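In the two assemblies presented below, chain A is common to both, partnered first by chain B and then by chain C.
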Partner chain A sequence: MPASRFTQTGNYRTRYAQDQTIFATYAEQLSLIVLIGLLLLLPLILPKTMLRDVNMIMIYAVAVIGLNITTGYTGLINIGQAAFMGVGAYATALAATRLNLPFFLAIPIGGIAGALVGTFVGLPSLRLKYLYLAVATLAFQIIFEWGVGHTPLLAQGGAISLPPVQVFGVKATFFNHNFVWYYLILPVLVVMGLLWRNVLRTKHGRSLIAVRDNDRAAAAMGINPGTAKIMAFMIGSFYAGIAGGLFAYFQKAVVIEDYGLHISIQLLAMAIVGGLGSLPGSFLGPLFIVTLDRLVGNGSQWLGAQNLFPAGVDVATALRPLSFGLAIVLFLMFEPRGLANWWRLSRLYFKKWPYKF
Partner chain B sequence: MKKTLILSALVSLSFAAAQKTVTLPWSGAITGPTSDAGASYAAGVEDYCKYANAQKMLPGVTLNCVTRDDQYNNANTQRNFEDFVGNLNAPVFLGYATGGALQLKSVIQETKIPTLTASYHIGIIDAPDNTYTFLPVSSYSENIVALLEYIAKKERGAKVALIVNPSPFGRDPVVDARKAADRLGLKITDVQEVGGNNLDNTALLKRLESQGAKYIINQNTAGPVANILKDAKRLGLLGKMQFMGAHYTGGEDLTKLAGDAAKDFIWATSYYLYDEGNQPGIQLVKKIGAQYKRGGDTIRSVHYTSGMLAAAIAIEAMKRAGNNPDAAGVYKGLISMNGSKSFNPGFAVGPVTFSAKDHIGAESLRLLQADATGNFKPITGAQRSALFQLVHPMK
Partner chain C sequence: MDLLPQLLIAGVVIGSVYALAALGFVLIYKSSRVINFAHGQIIATGAFIAFALTQKGVNFWLAGLIAMLATFLLGMLIERVFLRRMVGEPIIAVIMVTIGLSSVIDGLIHLTPYGAGTFSFERPALLTGQGIELFGLPLSKTQIAGVLMALGLLGGFTYFFNKSTLGITMRAVADDQMAAMSVGTSVERVFALAWAAAGLTAAAAGVILGLMSGLTLGGLAGIGLKVFPVVILGGLDSVIGAIVGGMLIGILENLSAGYLDGIVPGGGTREVFPFIILIIVLLIRPYGLFGTKEIERV
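Presenting the complex of A and B:
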């Protein structure tokens, strides 16, 4: 173990048990507690519309953790994460409106529905790899959109409104909606993050990484790659289902357009930009993409108002997908490990600063 | 001299203090999907709002004209709505997309903010949560039922195919269309979904041809319809099949994209068109467009006129609300628009009428047909679909 449990300048671990601790030092533990404390205070200082963006970031972060489980940690390319979110959202909406379940039961039902469908969709992963699997998940995305659009129970992809929630006697209304939901989404995100961090410490979590790195070698070590892959899809889509349930309540109604292919691509971009196979990256990716989207959205509206371009040439429309695509390409070229690597380097720097050796 | 200056300053100050600022907000797709229509619609809202300020239409009130891009993204629409209503105290909301409007229904009901949208999806004003939502003109469903009535008059028992957008916007009129076709003795042979990525429609058109479908009704946007028309021309089907469509399928946008393949296309809409310069509403559109230096394409677009109508209805409702237009006043102003108090700014082919039960504004529509030059000429007068009320009774 390190000389001090408060600071650490190198790897002093001598046993596997030490290697599996969540926090290497008390300082790390403390910093997380301080961060959560600060996050609890955030709604008091942020404007309402910015709080909405933070809520969106947190919901996407739950979905991106799930995507990281399948794609980042297990190496199974998934272009249908928004559809899994959609499964969760519609299941939550049905549970809330048809079964009249409260939100704290309806959202887990969304997660379970996502996991069940994810397990089924994951079956092709037993036979398919790489691009072929990517196309299989893409097919699910398309089937999902078509299926919802033709199902009367799901309003043919129209809107299913969700009832307002009440927590500890406080009813969510238009004026406190973002505030109430911030305090509902944040604990879910923290719990889901910690849950995954803990799963990673188990043999099941490590088996996923082993399958990603080399499934034949993993099989030689006694891991069943098929089980691991199905499990990855099950857990990843459970996370997506929970995110979908949260999103359904947060948006107050479920509409198919919120779970389209473009959202799947956006989630994949968040995972890549954040850093595939990284828990901090699952938070940093959504933060980066939502902020970029907001900035470019404002920028494109400003550009459009300047009349700089000839009529019929809508540069403003192109700016958003351009910046979005550019961000992904630049990250893939120059920082394939994503923002999580910058986070890692920053932490390394401060481990040695000032004058430690 | 000094006294006069002080006096005039005081008068100006008191005048400024007496002026209230009220936000007239619009949220829609200035960029992103459907921005071809959204950008012109936004320009119409913005210009009419500025014009209303310049004309001092609302005594004692200065309008804060805000048009914001939501990129056709429902989450952005909600964000804009929250900002407009929560922070800017807007007494009315002008929306755009079908999905966004459907998603906002319960929030609109809760906040009691009267809302007009650019989507004419009948589900927006269907129960529940429909007290404060209004359609400026007749719905897509009514457009399509009127087209079916036209077909039935021409050829009883004709075979009709529907091509709709794969979205709530596209699918919703299908149920009403089926009911109407049954009553009219028409046969709906097929309902196909076509999105904006329809680069080759050969298989689709051959399929419809093999079914003997003579009339093809589109509920879509102009882009996909233009591609279908161009492919129909290439396959020599234009004379054999009669292509038709609801509001967002036609107009300048269609003829620009489809060229001469748009010839004979029959279009249902409630709006007057740019070429009808004898209409007072179109004269006003041209005047305002020139005043605010809009390009020719924008002014010619029917969506520019649509944006003006939505803004005009909201401003008229504010006017009827009096000196202090709040949401309740605007709602009362809107539902007072009927009988002798109906509102007719001249942008649509009939007056705007609303009541507590009637949430469709300009209920009249016309069928127009594109000529060889790509201009749409009316082939019917202003009318209502006789059957629509029967197949979709409003609650």
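Presenting the complex of A and C:
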């Protein structure tokens, strides 16, 4: 136990068990509870139009945690996370429409389907490293998109609509859709986040980091890098599958465009902007990218009205990829550790206040 | 009139464009170990610069040359501004920078009037008129010229790497950067040159593709993805591999379109077959046909 129960003033740990605690002080534990409490109140004060974006951010955050597990913690570059999301979404849609399962069973089925496919796609990682693996996941992404587009069972990439959801007697309708789904997604996100935070404390989670840092050294320490890599793919794509199932229900329909290559790249960008291999980054990254996209969308509407550009130019379709690409490049050049680093520094500032370094 | 020779010839025609696109990709990977996801966008930039110039009344051949010069400089600029800072960073960072750049270039092209539409070059006088017939397959003069231009450039680069001092310098850097540096080679200059040369070949590929099948941003930038099966099959760091891989992928995708489209519901196997080949190659022979064997197994 640290000397002060509210602020951590130094490292007082004497046992490994203490080193493995999630919260250093009660104040940290309390702040998380307060944060979750505030998030529960958020939809009451937020305008309805913004609530939709918040829901998107939370769903993407689940997928980005998964991507961070494969790419951030284990170092396996994955350019196919949206395809794993898609696998989950289609499995969820099939479970909901063909088997008539309720959503709280259909979404886990999506996660399991994602994990199974992810494990299979991860198998080449036993032989391939770095960019070869990146290219393999890229190929899976393209094969997935094509495969869905040619399967009559999956409506050939067209829309499969999902039934509306009923929870505790409240039915999600056109008017309270975003509101109801906020309270369905938030607990999933919190549970998935805490779950990963806890897996990270176990030997399995730590073996992933060891493999990322140096897989030969990890092998010398008795970790089987192959098992670790397959496990990373399995867990990472499980998260993607859950996110895909949520996304399918939230969008009310599954369409292949929601799981295309550009979404995979967006998820990678979120992971990088947030900070690779960091849990807070998995929330900050989606927040940043979705907000940026929305701001640029609104801004370009205004810009488009100013008649600055020649006719036939759609300003929004131009500025969106431009700002998105610039955000990635600038972050990688000037802050490779992402927003999570800013979060860490600001925490450090308050911890040390009023004393500076 | 037989199906097989037709498919083979059509494969060689499109394969030569793939080879040219893959050549630029390989040049960059070979010298600096950077996977360039923005290559498709550089191809599109080159093609649209040439198109914009012909629209202004510039002669087609001159416009093509100017476009190649422009992407030559663009490649150099990208290397100087963005990639030089990334030396020594993790691979994921380098890959993501090029992905980010591809998005930026995409946005910039969308700011011009060429982002959304479909355009086609006005054929220069030399390329109009009746083509020839080969094994019952009518080949337009455009297609023949495209293949000849591609083969000429590919041959020129092969000669350049084997005979000229600069080419040999670039090969030396590719083989061992440390050793090359220690005998006084400027590695930075070689990186810049590799990017510039890649830009040059990209514009050529873009113009040839634009001549053969019209100009759309999606179609031109999409070549940047087709490059992956080509270079994985040929070997990521082999110029010969790019040529052979390009031709092979071109032929194989046409064969799949010819023979598999009838079997697969919905057809369109052309789009996906190269990527299935990619996965098979990765599993059997990850370094490709001509690549350096440097994969380590876990």
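The rule we apply is simple: the second predicted complex is superposed on the first by the 345 of 357 C-alpha atoms of A that agree within 3 Å, B and C clash if a C-alpha of one lies under 4 Å from a C-alpha of the other, contacts with A are read in each partner's own complex, and residues count from 1 in each chain.
Please note the rule applied: contacts are C-beta pairs under 8 Å (C-beta built on N, C-alpha and C of every residue); 3 or more make two chains touch, one makes a residue touch a chain.
Given the structure is predicted, the values throughout are model-derived calculations rather than measurements.
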item: Room on chain A for both chain B and chain C (clash or fit); value: clash
item: Touching partner for A:L138 - first (chain B), second (chain C), both, neither; value: second
item: Partner chain(s) touched by A:M56 [first = chain B, second = chain C, both, neither]; value: first
item: Between chain B and chain C, more extensive residue contact with chain A; value: C
item: Which of chain B and chain C A:V199 touches, first, second, both or neither; value: neither
item: Touched partner set for A:Q156, first chain B, second chain C, both or neither; value: both
item: Which superposed partner A:A253 touches (first chain B, second chain C, both, neither); value: first
item: Which superposed partner A:V329 touches (first chain B, second chain C, both, neither); value: second
item: Partner chain in contact with A:L101 - chain B first, chain C second, else both or neither; value: neither
item: Which superposed partner A:V167 touches (first chain B, second chain C, both, neither); value: neither
item: Partner chain in contact with A:R320 - chain B first, chain C second, else both or neither; value: both
item: Clash with chain B (superposed arrangement) - responsible stretch of chain C out of 25-33, 43-51, 61-69 or 115-123; value: 115-123
item: Contact residues of chain A, present in both the chain B and the chain C interface; value: 146, 149, 156, 311-312, 314, 317, 319-320
item: Touching residues (chain side chain B, partner chain A) in the complex; value: 30-32, 35, 39, 68-69, 71, 74-76, 78-79, 82-83, 85-87, 99, 102-107, 110-111, 123, 129, 166-168, 171-172, 193, 295-298
item: Sites on chain A touched by chain C in the complex; value: 71, 75, 77, 124, 126-132, 134-136, 138-140, 142-143, 146-147, 149-150, 152, 156, 215, 219, 225-226, 229, 265, 268-269, 272, 276, 309-315, 317-329, 332-333, 336
item: In the complex, chain A residues that touch chain B; value: 48-49, 52-53, 56, 145-146, 149, 155-159, 161, 164, 173-175, 177-178, 251-253, 255-258, 297, 300-301, 304, 311-312, 314, 316-317, 319-320
item: Interfacial residue positions of chain C with respect to chain A in the complex; value: 35, 82, 85-86, 89, 91-93, 95-97, 99-108, 110-113, 115-117, 225, 228-229, 232, 264-266, 268, 271-272, 275-276, 278-279, 282-283, 286, 295-298
